[in-house]
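For reference, the structure I am asking about is given below.
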Amino acid sequence: MTTPTAAPTAAAPATTAELRASVGPLWQALLEHPFPAGLADASLPLERFRYYVTQNLLYLPDYARMLAVGASRSQNGVVLEEYTDALVNIVKVEIPQNERMLAGVVELAGAVPARDGVRAPATVAYTSWLLSIAANGDANDIAAALLPCAWSYGEIARGLVDGAVAHPVYSGWLAFFASGDYAAVVTTLRESFDRELAGMPEAARRRAAEIFLTGCRLERQFWDQGFSGATWSDLS
Amino acid sequence: MTTPTAAPTAAAPATTAELRASVGPLWQALLEHPFPAGLADASLPLERFRYYVTQNLLYLPDYARMLAVGASRSQNGVVLEEYTDALVNIVKVEIPQNERMLAGVVELAGAVPARDGVRAPATVAYTSWLLSIAANGDANDIAAALLPCAWSYGEIARGLVDGAVAHPVYSGWLAFFASGDYAAVVTTLRESFDRELAGMPEAARRRAAEIFLTGCRLERQFWDQGFSGATWSDLS
Amino acid sequence: MTTPTAAPTAAAPATTAELRASVGPLWQALLEHPFPAGLADASLPLERFRYYVTQNLLYLPDYARMLAVGASRSQNGVVLEEYTDALVNIVKVEIPQNERMLAGVVELAGAVPARDGVRAPATVAYTSWLLSIAANGDANDIAAALLPCAWSYGEIARGLVDGAVAHPVYSGWLAFFASGDYAAVVTTLRESFDRELAGMPEAARRRAAEIFLTGCRLERQFWDQGFSGATWSDLS
Amino acid sequence: MTTPTAAPTAAAPATTAELRASVGPLWQALLEHPFPAGLADASLPLERFRYYVTQNLLYLPDYARMLAVGASRSQNGVVLEEYTDALVNIVKVEIPQNERMLAGVVELAGAVPARDGVRAPATVAYTSWLLSIAANGDANDIAAALLPCAWSYGEIARGLVDGAVAHPVYSGWLAFFASGDYAAVVTTLRESFDRELAGMPEAARRRAAEIFLTGCRLERQFWDQGFSGATWSDLS
């Protein structure tokens, strides 16, 4: 059951650039979120980064699972191969990179407390949402759902990397997501979805916009959770 | 990727009564939540009930969809028929009953504001979680996921109905969920899952306990959302 | 990976009547198949009908599961309710009716041999195909997949019922599928899909035509299997 | 709805070697099938190999999609990575290798006739079955379903490669599946599933045996189809 989450007066977005524009100031809120800003000026407590990376290592396998569903729903060999490549990137590159960052922060700040290892509210919400889109959507719905995370991370990191304070762990985060390799992954995702969007009917593009908007909201919640260290009220 | 969300020292629950016991004071927190208490003493603002029912009418179709997936994953004809019956109950009884309650509260408090019609954070989290369990779990995982909502509603309502203040809309909510018909639906669900649990291996029962726990947490979040009227920060 | 299974020169079908026309003489081959003809003139050996009904009772639960997936994939409440109704019809009406027919033929011809209870080649092919369409398709793909069976049965039975020879079991088959109640179920399915087809893009209608064609081929294989009594070569 | 397809008197298989033994002479029938034998003695008409490879190129993407679903259903990071590796192997190695073989045979025997490009009966049955197991099963069901194809191909090729007649296309087929690289892929699949089987409850192992048996039957049908050149009766 779809719900209007934005005034459907304008035409539905027909490019990924229009998708981004459609969420208004929410995109800017991601770029300026205090969590990554705290990585750049090294003001973020290590305990919060450790919590964030711990939760991210619960998040990424489900992100990978969504990409696997995208491969399984592909209607042709090109899309099958694109989703396979994206899946490999998460499993073979991003998850190991997060594991290295976790090892780094654990060395500095000690082991992960049991409470931080519980799948937290924003993690449950975001991973469940990815998997539910994967379950009931088509390959284009999945493309809209994976984009907020992948795309915003690159833009956030590139916007912060230049003036960043050197830090034994945080610098690696910024360098990874500001890299040309990472930008190339995002460019591939965007170009592929730009091609699809051009041919999608109005209703499908409107649904893509709604999915993209919800994805941005869940991105923000996930940053908020890392920044505040919040979890379930029965564990607080 | 499963995460221990409760100390796995004790044996995994083998009955639905043990499932309930395994979440500790969280179950009691559902029974004593101020939202349904505010229905019983008629202190809850109508605007909050209208918001809650509006969100519940976004929730219930996804709850029905999870039951439909349960039917589709059934390994035999008995389970197929049980999930079909449960699906029919949501589609033909609970959704219409909520639509009548919404009509009742709209008559008293005016139309639903646009902001309330947006699928709100706890609604996205809970519905997505139900659908993600349905997508990746088996019929027993689904049975564990549907139980916190169905079961707690009956217990909440029966605990409140006797001393409740008469109210043009709230009394109907209490009467519906305190009814013998509703109790019979829950008894069927519990008896069916009790039969399954008895034969499930330890690991599957532990997973059921984890799912049940997360379901109770999401129930609480959903009540909290209705009670506070909160939504996404970009809409606030 | 879609495959052109019919020359894509003509416009894709935009109504269910055009879908039927698009499969050409194959539809007529269903209507004139010797298996149902053998029910009408009572020439079909009871052993073959027993085999057919036994396999049909393996088929119908998977047909129901496909309808359950349709409910789970529904994009709005109307479609959710339509698939729920169709599911209930299979579970509560068609499966019991087949069980009664099986009991009837067993009384006349003896118990089902073990070999007949093995899910046979055309049964595996057809049920797997229904479930695979359900898994990877959307609600409209499912609508196209369920139609050949539902629709052709009504037309077959209505074409044969009038001159049929009285038979203790076969007459019931003809009466059931020639009934007005059954025709009403099919009319609902067709009208619902006619509404969807009218608004579907060309590519989706072409896919629907391909699905409908494969469904008709699998229908024919299923009749052939019942008529010949064939099964796996390692069981023959 | 599961069906006993083998007498459930013996204990359910607990290793992949026991799985293979459980299908009895059917496994030997795969190893001795005249289609691969005709590759080894170069007696198979090129038109039949062209048809087989054309159908195989419709089969392999769905095999890959099943592996993608396996990745999406994985319960931990190890299984996620194993299915990702297996998926990459099909998409990046086996599909390109089949495309090269098709190009080779087309050079010798001319372009693929339109009739051969239609997804044929045994192809529909086998691919649909893989996807239906993927849709409704868990990761272990998928492991049982993918094994007959992967495993038997290696054994078939190794049994034939030594005395094989040199052939511009067929020799490549034998060399590919008889290679150590291919054997290593199968060994990984078997060792992984051996680990799982050891801990699976009786009912799950029995279901695995049933899935493995059906997979072997569908393998045989697929070879039969290639050998006979058969397709749908409305195309014949």
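Think of it as A, B, C and D in the order they're written, each chain with its own count starting at 1.
Everything below uses one rule, namely that a residue touches a chain if its C-beta (ideal position, glycine included) is under 8 Å from a C-beta of that chain, and two chains touch if they have at least 3 such contacts.
Given the structure is predicted, the values throughout are model-derived calculations rather than measurements.
Count the C-beta contact pairs for A-C and for A-B, then tell me which is higher.
A-B
Mind checking subunit B against subunit D and telling me if their interface is mostly the same residue numbers on each side, over half, or mostly different?
Over half of the interface numbering overlaps between copies: same.
Please indicate which chain is farthest from subunit B, where distance is taken between mean Cα coordinates of the chains.
The chain farthest from subunit B, judged by C-alpha centres, is D.
What whole-number Å value describes the gap between the mean CA coordinates of subunit A and subunit B?
29
Give, as an integer number of Å, the spacing between the C-alpha centres of subunit C and subunit A.
44
Please list all residues of subunit B that touch 2 or more other chains.
1, 61, 65, 72-73, 77, 80, 134, 136
Going by the contact rule at the top, pick out the subunit C residues touching subunit D in the complex.
1, 3-5, 24-26, 29, 58, 61-62, 65, 117-119, 121, 124-125, 127-132, 134-136, 214, 217-218, 220-221, 232-234
Taking the complex as given, what residues does subunit D use to touch subunit B?
Touch residues, subunit D against subunit B: 1-2, 72-73, 75-77, 80, 136, 138, 201.
Where on subunit C does subunit B make contact in their complex?
So the residues of subunit C touching subunit B come out as 61, 64-66, 68-74, 77, 80-81, 83-84, 87-88, 91-92, 95, 134.
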